[in-house]
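Would you mind keeping the following structure in view while I ask a few things?
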Amino acid sequence: MKTKAAIFGASGYTGQELIRILSAHPQVELVAVTSRRYAGMKVSDVFPSLSGLTFLSYTNASPREIAKLCDVVFLALPHGVSMEIAPVFIEAGKKVIDLSADYRLRDLATYEQWYAKHTSAGLFGQAVYGLPELYRETVKTSPLIANPGCYPTSIILGLAPALKNKLLEVSTIIADSASGVSGAGRDPVVGSLFCEVDGGFKAYKVGKHRHTPEIEQELHQLAGEKFVISFTPHLLPVKRGILSTMYATLKKNVTEEELRGLYASFYAGEKFVRICPAGAYPNISSVCGSNFCDIGLTVDPRTGRVIMISAIDNLIKGAAGQAVQNMNLVCGFPEDSGLGTPPLYP
Amino acid sequence: MKTKAAIFGASGYTGQELIRILSAHPQVELVAVTSRRYAGMKVSDVFPSLSGLTFLSYTNASPREIAKLCDVVFLALPHGVSMEIAPVFIEAGKKVIDLSADYRLRDLATYEQWYAKHTSAGLFGQAVYGLPELYRETVKTSPLIANPGCYPTSIILGLAPALKNKLLEVSTIIADSASGVSGAGRDPVVGSLFCEVDGGFKAYKVGKHRHTPEIEQELHQLAGEKFVISFTPHLLPVKRGILSTMYATLKKNVTEEELRGLYASFYAGEKFVRICPAGAYPNISSVCGSNFCDIGLTVDPRTGRVIMISAIDNLIKGAAGQAVQNMNLVCGFPEDSGLGTPPLYP
Amino acid sequence: MKTKAAIFGASGYTGQELIRILSAHPQVELVAVTSRRYAGMKVSDVFPSLSGLTFLSYTNASPREIAKLCDVVFLALPHGVSMEIAPVFIEAGKKVIDLSADYRLRDLATYEQWYAKHTSAGLFGQAVYGLPELYRETVKTSPLIANPGCYPTSIILGLAPALKNKLLEVSTIIADSASGVSGAGRDPVVGSLFCEVDGGFKAYKVGKHRHTPEIEQELHQLAGEKFVISFTPHLLPVKRGILSTMYATLKKNVTEEELRGLYASFYAGEKFVRICPAGAYPNISSVCGSNFCDIGLTVDPRTGRVIMISAIDNLIKGAAGQAVQNMNLVCGFPEDSGLGTPPLYP
Amino acid sequence: MKTKAAIFGASGYTGQELIRILSAHPQVELVAVTSRRYAGMKVSDVFPSLSGLTFLSYTNASPREIAKLCDVVFLALPHGVSMEIAPVFIEAGKKVIDLSADYRLRDLATYEQWYAKHTSAGLFGQAVYGLPELYRETVKTSPLIANPGCYPTSIILGLAPALKNKLLEVSTIIADSASGVSGAGRDPVVGSLFCEVDGGFKAYKVGKHRHTPEIEQELHQLAGEKFVISFTPHLLPVKRGILSTMYATLKKNVTEEELRGLYASFYAGEKFVRICPAGAYPNISSVCGSNFCDIGLTVDPRTGRVIMISAIDNLIKGAAGQAVQNMNLVCGFPEDSGLGTPPLYP
C-alpha cells in the first residue's frame, strides 16, 4: 500500500513542482492539495501541464482534516504561516516536511531578528535541517524536517568540503549568486513580469537577504567556528536555476587537482552531487529539471583564491526535489525514488 | 534481459534527446552511440547534463559493426544519409527507426522533387509512417519505421479527427506553425545564434518547406481525397516546442461542443493526446519535456471556420519521444515505457 | 518656443514609451505626466532607464488642470476612461491623441457590442483614425486623433495595397498574429509573469479579440465592401513586437514581382514602411526600437494564395511612435521628428 | 561639410552597431565599410534592420585605399589583426579608433603573455586608453585611441572613485561579471547557439580571461599601486549588457551616503555615468540601447565590505558607443553627439 502524502499550500510554483514529482512517485499516493485561492478547482485547470497526470481538485480543508488523510505532509507556505500549521501535524503524529524558513534556524533570536516573532519555536528541538548530504542519518528519524532554502542549498554544498577540510580563510568568503524568476513565486508583482525581467540582470537585497543567517549557520557548523560572509543575490532572466560563484582565500597550499579530489571523496556515493572535470564549470541548463547539484572548482595561484561554483534547479534540489528526497529518507524509500528524471537539456 | 539499442548519429539535439530518454528506459540498454565529430569523447563531456546518467563514449563504428551489437537502431541522421545506412540494418534483421525524411513519403517522385535522388527506395514497401495514433498496428510489425517530422506530427494530429469526419472544406486548410530553435539542429549557423533569435519572430521558407508533401500525404489519407494546403513555418525564440494553428472552412454545421466530442472520441484511450477544455488553448510550455500533444478547438460561427490548435515538444513527440514510442510498439513494450515524465513547467 | 505636451495616464508601458520618445523630441516640451498610482513620485524612480532624461514627477491633476498647461495631450488610458477625459481637452481647444479604443470605431453599435456603453460618442464626427499612411491629410486638421491598435496597424498596413488593388478574395482573409508581452500592459497579472510566458507560445481570445471590428472597419474602407475575417492573436515570449501573417486567395493572376511592385508604389515616399526584397521576410527584431513597419510578400502558385507578413514594434508603430507621428502631423512638424532612432539590433 | 568615417571590419555585432550609430550621427558621413565575407553585398541585406538607414555596400578594399576616403577610421577587428592595419592609417595621418585589444596595454611583455606577439608595439607611445571619463584631455589630441574592452569599462568605472579616494584594501578586490551573448561576436560557434544559452547561466575562463591585465593596469593607475584582482566572467542569456558586481574590504570608515557623495562628485558633469539612489541597484535593462553606465553602491557594516555594481550596454558604452564618444572628442564634436538615444526599456 502506498504512503499517503498531502501538500498544504499547493498553488505556487513549489507546490506545483511537488505535485508534478509526487504524481510520478512509485511509493506515494498524493491524497490532498490545499489552496485558499483555488479551492474547488481542478489542479489541471490551474496547471494544464498536469492534465492527465493528476485528477485532484484543490481543497480548503483545515490542517486537522488534512492530518486525518495523510501519513506525510509537505508545507509549501510562506514563513510565518508554517509555524501555525506544523504543530497540528506534529501532534497528530505525522511526518512534516516544511519548505518555509520557520524551522531552519536553530537560534530563536536570529530568526526573530531576520524574520518575525516565532509562535512555535518549541519545535526547534525536534526539527532537523534537511540537507541530506550533511544530515542524512538525523533526517531519517526526525518528525519535522526544515527543508533548506534554495540559495543556501547551492552555497552550502559548494563550500562544505573546503570548509570541512579547513582550507579557507573564512573571513574572506563571498557568495555571489543568481537565481531564476520562479524563486520569487507565482504572486503577480510588477518585478516578476516578463517585460521587467527578460533581457535584464540585477542584484537585489544586497547585504540584506534573509537567507544569510541560514547560510552562515550551516557554514559555521562545517567550519567549527563563527564568521560572517558576503552574500549577493541577483535576478536572472530564466525560469529555473541558481548558480552560486563563491570566493575565498586559501589558508593552505592546495592544487586544483587535490581540491577536486577532496570534493570527490567528500561527495563519494552521493547520487545528486556531480563534480565537474577540470576546466569545466557548472551551467544551470545542465541541471534544470533534475535534483542534481553540479560543482566546479578553480584554484587561482595568481590571487591565492579558490573559486567554487555550484548550480542547482531552485525548484527541485532547491525546494520540491530536496523535500521529496527528505521524504524518501524519513519514509524509508530509496533516496532517489521519484527523482530520477534527467535534466531537460536543451 | 534488456533489449539492446544503438543510435546512429547521436551528436545533435535529437540524438542527445534519444540518449536522455533511453538512459532511463526500463526495458532498454543503450549499447552504442555514433558520431564522427565526437568519436572517442565521452557523451557526458559533450553533454554535461548527462553526466552520471550514461557512461558511453561516442564511436565512429560502421553500420555493419553497430548492427552486430544491437537489436534496434535509431537513425538520427540528415536526410540523404539515412538511406545509405538503413539497408545495412534491415539486411541484418534489425528493427530500424529512422528519424530522417528518407522513408516518410510513399511516392518516389514526390521525394525526389522536394529532397534529392533516393538510393534505397526499394525499402518504401517495408516502411511504415510511424505516427502511432494513426498506424499503431502496422508499426508493431514493421522492420522500418519512418518517424514523422515535427511539424507534420503537430498538424496531422490536430486535423485528423476533423478530416476523418469529413467536416472540412479541404481546399481551405491553412497551417500556420511556429517552432523552437532546437528544430534547426545543433550545427553552428548564424541564423541559430542566440543574438539572432532572442527577441525575434519571423516566418521562413514560406510556401516551400519540405514538410509540406509529408503533411499532405497523410491528410489525403485521412480525408480520402487529394488537395493542397498552405503551410507557413515560423521561428520562435524558445528552445523547444511547436504550436500549429490550423484554419479551415466547415463543410457541415457542427458546434464547438460536438467537435470537441468528436476529437475526444477519436483520441479515446490515447495516452499522449490531450484535448483542452472549452475556452482553453494549448501552450507549448504545458507540453515541453513530455510526449504529449495538446489540442484546442474553436468553432467561429462569425466566419464559418474552425480553428484547431496543437502543441508538442518538437524534440519529444516531434522526434525522439515518438521514436521511442515506436520502439516500444515494435518491441512489444508498454507503449508509454520511458515516456512518463510530466511536462517541465514552469 | 516648444510645443507643450502632456500625457494623461503615463504609468504603463505605452506611457513610458511616450515619455521616452518625447524626452528626445526637438520641437516638444513634455510638461506633465499623470498617474494616480505614482502621484508625487519622480518618473525616473519608477523607470530608472529614464534617469537623467526627464526630471518630471507624476501628478494626479485633473484633466481641466492639465489642459491649462499643454497644447497637445496624449491619452494613454484604458478604453472606457478616455471617453470621460477627452471631451474636457476638446472643449479647451487642445489637440487630443487618444491611444485607447474609444474613438477608433465609427459605428456606435459596433463599439457598444464589443466594448461597453459609450458616453461621448458625439465626438465620433471629429475623430480621425490616426493611421498616417492612409489618413495623413485628415489627421493634419483633426482635433481628436484615435490612435490605431497595435494588431490593427500591422494587419491593415500589410493588406492595404492588395485590397486597394482588388487582388484578394476578401472572404478568405485570415490574419494570424503574434505579439510581445508588453502589449498586455504593466498590470501585475499571473498571465504576464516571466515564468508563465518564457519558453511558451499560445493563442488567446481566438475569434473574440476586440481588435477584430477595428481591423474589419478599415479593411472594408480599403476594399470598398463588407466582409468578415479570421483573426487569431498569439502571445510571444518577447518584450516588444508584433508579426502578422496574412493569407488570402488571389482573385487575379499576379506574380510575386508584380505584387511587390504594387506594394512599393503604394508606399512610395513613406518613411516608416519598408518592403522586404524577394525571398526575405520581416523579423520583429529588425523593427524593434523603431517606428518601422516591414512587409514581406509571397505568391504561392501551388495554392493560389498570397501570404503577406508584416512586423512592427507594438509599443512604437503600434502605439507611442504612431501617436507621436500623428502629433507631428497635427502640429505641423516634420512627420518623422523624434522618430529617427534605428531599430535596436541585435 | 561632414567628417568622413570608415569602419574596417564591419560584419560583426560591433561593426553593425557602429554603422547603426554613425548612420544617425549629425556631423559624420559614413563612407566605407569593409568585410571580406560580405564584400559586394549591401549592408541592409546582411542587416535588414538597417534597411533605409544606410545605402552602403561592403567592400574588400585595402587599408591604403580606405585611408584615402576617410578622416577617421574605426577598426572593429580581432586582436592581432588591428596591429597590422592601424599603422597604415596612422602613417596616412588619419585618426584611428581601435576596438581591439592591440593597443590597450602599455606593457609589451604583458600583452605578449596574455595575447600574442605584437608587430607594431612602436605605436604604444602614441596610443591613449580611450576611457573618456578618465582620459578625456589626452584622447582629444591622440591619433590612436585604444577603445577599452567591455568588461574593463564596467569594472574600471565602477571602482574608479573608490580607488582614487584610497578607500579599498586593494588586495581584496573581486569583480564578478556577467555579459550578454553579443560579447562573443557573430561567429557561428556552438557555444553561442540559442539552445545552448537560453535558460542557462555559467562562468567561463575563470581566473584566465584576457581582460584581466587591462583591468589591473587601469586600477593600478587609479590606486597608485600594484596588485592582483579576481575577475570571473559569466555568460548571461541576454543579447546585450554587462553587469559587474565588485567587492572590496573598506580601509577607512565611510558611510554609504558619504561613498555615494564621493561617486557623485567624481562623476559630476559626466553625461554617461548615472549613480543610483540609495536602495536602488543597476539593471542592464535600464541601460541597454544607450551609452550610459549606471553605478549602485552598498556599504555593508556587517562584513566591512563595500559592494559596487555597474551596468553598461556591452555593444555601446562597452564598444561602439564609447568609440563614437572618443571620435567626438578627437574630432572636436560635442561629446554626446549621436549618442543621445535613451535606453530601450522594456
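Note that the chains are named A, B, C and D in the order they appear, and that numbering of residues resets to 1 at the start of each chain.
Going forward, contacts are C-beta pairs under 8 Å (C-beta built on N, C-alpha and C of every residue); 3 or more make two chains touch, one makes a residue touch a chain.
From a predicted model like this one, the values you see are computed outputs, not experimental measurements.
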Comparing B-D against C-D, which pair counts more contacting C-beta pairs? C-D
Averaged-CA centre spacing for the pair chain D and chain C, given as whole angstrom: 36
Compute the distance, rounded to whole Å, between the mean C-alpha positions of chain B and chain C. 39
Expressed in whole Å, how far the mean CA point of chain B lies from that of chain D is 45
Could you check chain B for residues that touch two or more other chains and list them? 13, 182, 195-196, 198-199, 237-240, 283, 285-286, 288, 346
Have a look at which chains touch which and call the overall pattern line, ring, star, complete or other. complete
Name, in rising order, each residue of chain B that touches chain D in their complex. 13, 181-182, 186, 188-190, 192-199, 237-239
Which stretch or stretches of chain B touch chain A in the complex? 13, 16, 20, 23-24, 45, 47-53, 182, 199, 239-240, 271, 274, 276-277, 280, 283, 285-290, 292, 294, 340-346
Where on chain A is chain D touching in the complex? 172, 174, 176, 178, 195-196, 198-204, 206-207, 228-230, 232, 234, 236-241, 243, 245, 247, 281-286, 288, 296, 298, 300, 302-303, 305, 307, 309, 311, 346
